[in-house]
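Should a chain be cited, it is by its letter among A, B, C and D, assigned in written order, with residues numbered from 1 in that chain.
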């Protein structure tokens, strides 16, 4: 009815300034997205920056895959730093190495113009959400076009500033949370799938279950990451009893242990921006304040890389690992239903936990960090590998990735800092004495060549 | 009672890691603030980044002025870029000008380490607010220590990213707004002072008055900027009738004109981060949607630099401006109560508006922008100088800064873009034909040497 | 930890005053609920009225069925009016018929003491909710103990005052409503069952579907009544196309008709307190304001008493109705799947709609109101019976209660008042000319003796 | 623009049914308010009850004083019970004293028709607020027209049901409360006047000050009653140090005593509906939960009737009280500035506190309740008169009503119930031994004839 201000502004751009832009259109009247970006960036049109940014984002969303790729390639090629200026300034600095203003200038001219472009796109209403989605597209292209990584770095740089922990808001999610947020929890849960609303209610609507999430004001109703917590009376060794319908509910006050049994990142477009570390620690703080009876904070975690590593290790020429598993055990392991075979299970129990302890504490990547990504995350946070659990996850996925093993990482406030320091300095993986003993049964193998 | 998680973390840092830090303390046990910053930055202590950041900010707040200055000087000297690496990389690029990875590296190593430090300080709860206050301190030191500008540039850079318009939330302020926000309005109003709560009520609690503000989620209850609006039936020429108690209130629906009569920035620490442009335009959009009968959007603005300019111009050797004002008028103007003297006022009315129109439309600074800061703001937004108002502001301040003159800038959607473009391209100051005619009465003076 | 004020108050009652109460306990230490009620009522213990009321309600909730009944019988026998005082006052009035103070006194002494008791029970936190639940129990006993109706009348009287329309709050329910409220919608829907969360989403989460509910502040998150609305482009004749997954969604702006297709009361304990009338009218008001393109407000309603009436009518000695249906048709109707039998359906279509129109417009109860409860409701509200729909509801329930027929009642603002007046004055059932024509095909039968 | 549903309904009433109503208008087209009430009550127009109720209330509000009075007189004369029916039923009951249905009928027909009228007026949006205002008008007329008390009783009866404690919501008021509520606090404070916003801030915005209020959902932003609390480290004896700007603020945790120093009812139209009792007790509960260090809950109260009583007692022929005060003291007391005269004050201090203790604990009205209204309130709640404070309130009002004395009533949970019981049974005024001793110095005077 009464057109919006920005709508009208846009119309006025269309009528006046578009002539200018139109010159650049192809024969088919193709959308000159890059020209709009250039207009937005050069500030010709500053008065209407909001409108222009909205226009760019809206056009982008309607592009098909091929044109999106072509847009990203333009970002790579046309919106980098001005190379001539960089070289020129570098040369000048070479001549006058003490000139501080040259230094500042060097930093400024070497910033890819994409960064300012992305900042200005964020002016549009809903801009942040659209940019996160844009990066999600970009990540898809990255495999085929690894050199788009330069573009991605600029997104990552800005997102890590915008999604600084200082801007995040933690909220408890429970059964009085709006349904449009709850349905996202169902959709995003990546570790232990939620089978519909009744299953969800069991995870958030009971006295001994909690779910906490980080939100960002600019994404409104969307979540960044969430963690699911079970309040228990002991450190659990298996996921089944946590998730089952048939279990005895306790009151929150009866619990002495908080178990983090699932952490899910929700935004593919924010890959590489770390929230989990902060979320776990803030949840620990929140729970300690609310429930002083809680003494132990621990995870119940998968070992996603164990089976793959083991399979490679068995083929390794060295044979140290292979020596741990005789033919009998290897063949037992190849039976899909081996956990139902008591004898086979008994045999495997004598060796798999040792190998897992070895894998988690000693097998490292090029940067001297644990091979296993989940271990890398929790050990990096200062947690300690507390226990290896036999028959912890008998789901098909659990068997496939870790031969049914699960582990606990312990968040002990007294040691978090010390653990982290040792890890940062020497790559030491903090582990309980029980786990250390388990690992010792396996000879200190020479490291496999890391896969990635 | 039950100490907080981060509190305990901090204790564990204190007990363990502090030994390390303690080594660096002076004889008096002085706070090694810089060492804490270094620890935060190097990521030794990443697990406890939130706690460390909080500690740094809390110590900073308790410093006296001298130590704050000394802290900023350390930021300047010890947290810049690693110069050797920059020079080295610049040299390498000189040798291999086509190596893109060197280019990227150059940008990265030339970033002052302060930037990452500031990002990490923002991890602390309340970090953003504390950093804005920190920069406010910094700005105070800047006069005496202009070379701290390098440090300030890093704050400014990050703030302009964090306070991107996409993260701001506009709210209408009215009489049902919490008192702790309203008292800030009273404190922050910088243009036409608010004399207590009853005066405030007249500006926000009546049907034909509005006040809109921008908030940022991380600053919670604090405001960034606000604008006061009067809904009227004509373009007003004076501020008195807007602010007086004795006026006839109209309903919002009866109005056809929205008058922006005061814009106040609230956060000294955010100087240089521009919000006003966006706020005015979003308010226009909001008002148009709510009140379709509004047809004209206009300011009632001061001319803060007019009297100063005129006084300089009168002394100028050239004498072109001086020629406009005979002795008689100059002496009239020096009488503090001249507006009460009908004859004097009549004389001055024949010349002051012309000079003002001239001043606003033709007197420029080095960058070819209007000398007058308010004109620079609105003209830069694409508004048009619509009218010069005789006896618009007879307050002591109004007389002192602009000999009582006020002006209107018109925000006309159809022309905002065009005005802005001409201004950006050629420095053209958009003005109504009436104003242009006024200015023409004054000879195109050679430009005074700009003051700043 | 730190016991609550009322908790302590209660303890002090227990220790001091309970001695007094204890005297009244039976040998088994049975809870002297009636004595507590007496204490609450006589105001001995006014200082602790809130605590006492809470105690009574809490004890009541733990009683088994038998004791609840016995409690209600006590309410009937021991908490009525003081009969002697009533008789005495009546006699005095008989002697002095002009004494106004006697009249006032008569009203006061004839009020059952239960009413004040119920008012005081409402002092407890959560009292209103507990009292609504208490009446729900009472209604269950009413069948077996019809003389408890006296007790029920007092609940009803107070509830109709407390749940006055002036205290109700209407809220739109949609997909951003908290899940704990949504699950109640699923549980309470009484007309067209909701099959889980995805079905619910189809009724509240789409652009052309709405759901509105009344809440009462004292019941917090619980609903009183809700109505489901479909926005359509014509008056629908069947419920299937409204509820199906396979339908073309339209925007709200495209609709010209709002269809009320389900109204559900949620609180059994509020039986007899009328909300539906007000809810429908407020929803019409809300929708008209939001969507000016809506021109028609109509229901799609069941005819719950039709089949039962028809079956009785066929057995009636008079035989006028029976004469409408030959053996052939009656036997067709007895086939469960007759709607699938095109020929049978064709035959029945020539007579069932006429009989239904007759039933709804002419068959009345003792008070000259329509026999059909849904007709009674909408006609009483001033709506008009607009259309009888053939094969409108082929669900087992729809076939069983109305041989698949559904009807539309039209809420036409211009006629609501007139319709209501004629109905109130003469029992006239407002009907469209089409419906009236249908009914005319059936002879004006003598009324069956009403069932209830 | 698009007229509201109820607006249209009303129009349709106007056009159709108004003809009917118009017949009843006087020659001057006077508003037939009584006829509208009759229409609302008889249910002719039930479909449009909401609209009718709104119309009645809106017309009422525009009446001048004289017509309002005439409306209330009509309520008295035309909307009472149907006397003939009452008499008839009373006679029938006389003949058949065991007929329970006659009893029920008697209660029903003796209810003034006003009650149902008021209930139906409450259907209108904003009805409750309008009815409370209507009763406020009625109370003004009551002095001159005491027989309107019958009408008032019906308002009072319904209001005490609607404003049942179970429907009230307690909220803490602080400096983040909306200004439109805060300004009501300033306006309503009846005991110790609030001098503008800065004074208000001292009462709600500091760590050792609290203010709590009761709200009712149907009155939205308006308050029913509020109490002001000071958190202190001892029982205060004077109001000055509580209200002064120059005092040392303490933290809430440092306090051991909560002092209720002002309670104000806000709604004249709710006179006689008691909230204060519940508010004080709920605030005690809230404070105990939040601040376990609070041990003493006490008031600092005025003695509003002391000076008046003393002046009467001195004139009493008996002379027992007069004997306490020699000429010298009486003349000292007549000096307006006697508190500044050390000698006079010293003399008076030996007798006034005794007389005050006597007045509060022994001087009773016809119902054996304390003469002093504030004493009546707190003693009735179960509090104990703890202390009489010399020179507690030296404001003109404090001197005029109580010769500067103030008292403390103690709310001690352990004794509240017992105190209340003794008071209810025997009129015993609970008092500390210190107060009792003070009173004993005064001979047990024969009671003055109570004034009212």
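Just so it is clear, a residue touches a chain if its C-beta (ideal position, glycine included) is under 8 Å from a C-beta of that chain, and two chains touch if they have at least 3 such contacts.
What you are looking at is a predicted structure, and each value in this text was computed from that prediction instead of being measured.
A.B. asks: Listed by label, which chains are in contact with chain C and with chain D?
C.D. replies: A chain counts here if it touches both chain C and chain D, and no chain qualifies.
A.B. asks: With a step meaning a move to a chain it touches, how many steps does the shortest path from chain B to chain D take?
C.D. replies: 1
A.B. asks: On a C-alpha centroid basis, what's the spacing between chain A and chain C, in Å?
C.D. replies: Inter-chain centre distance comes to 52 Å.
A.B. asks: Mind checking the centre-to-centre distance between chain A and chain D? Centres are C-alpha means, answer in whole Å.
C.D. replies: Whole-Å distance between the two chain centres: 61.
A.B. asks: Could you state the distance in Å from the CA-based centre of chain A to that of chain B?
C.D. replies: The answer is 38 Å.
A.B. asks: Could you list which residues of chain A touch at least two other chains?
C.D. replies: none
A.B. asks: Looking at the whole structure, which two-chain pairs count as touching?
C.D. replies: After working through each pair, the chains in contact turn out to be A-B, A-C, B-D, C-D.
A.B. asks: Which of the residues in chain C end up touching chain A in this complex?
C.D. replies: Going by the criterion above, the answer is residues 175-180, 182, 196-197, 201, 221.
A.B. asks: Can you check the complex and tell me which residues of chain A touch chain B?
C.D. replies: The touching residues are 1-2, 4-6, 8-9, 12-13, 16-17, 43-48, 50, 81, 83, 86-87, 90-91, 93-94, 97, 100, 103-104, 106-107, 110-112, 119, 122-125, 127-128, 150, 153, 158, 160-162, 164-167, 169, 217-218, 277-278, 281-282, 284-285, 288-289, 292, 380-382, 413-421, 424-425.
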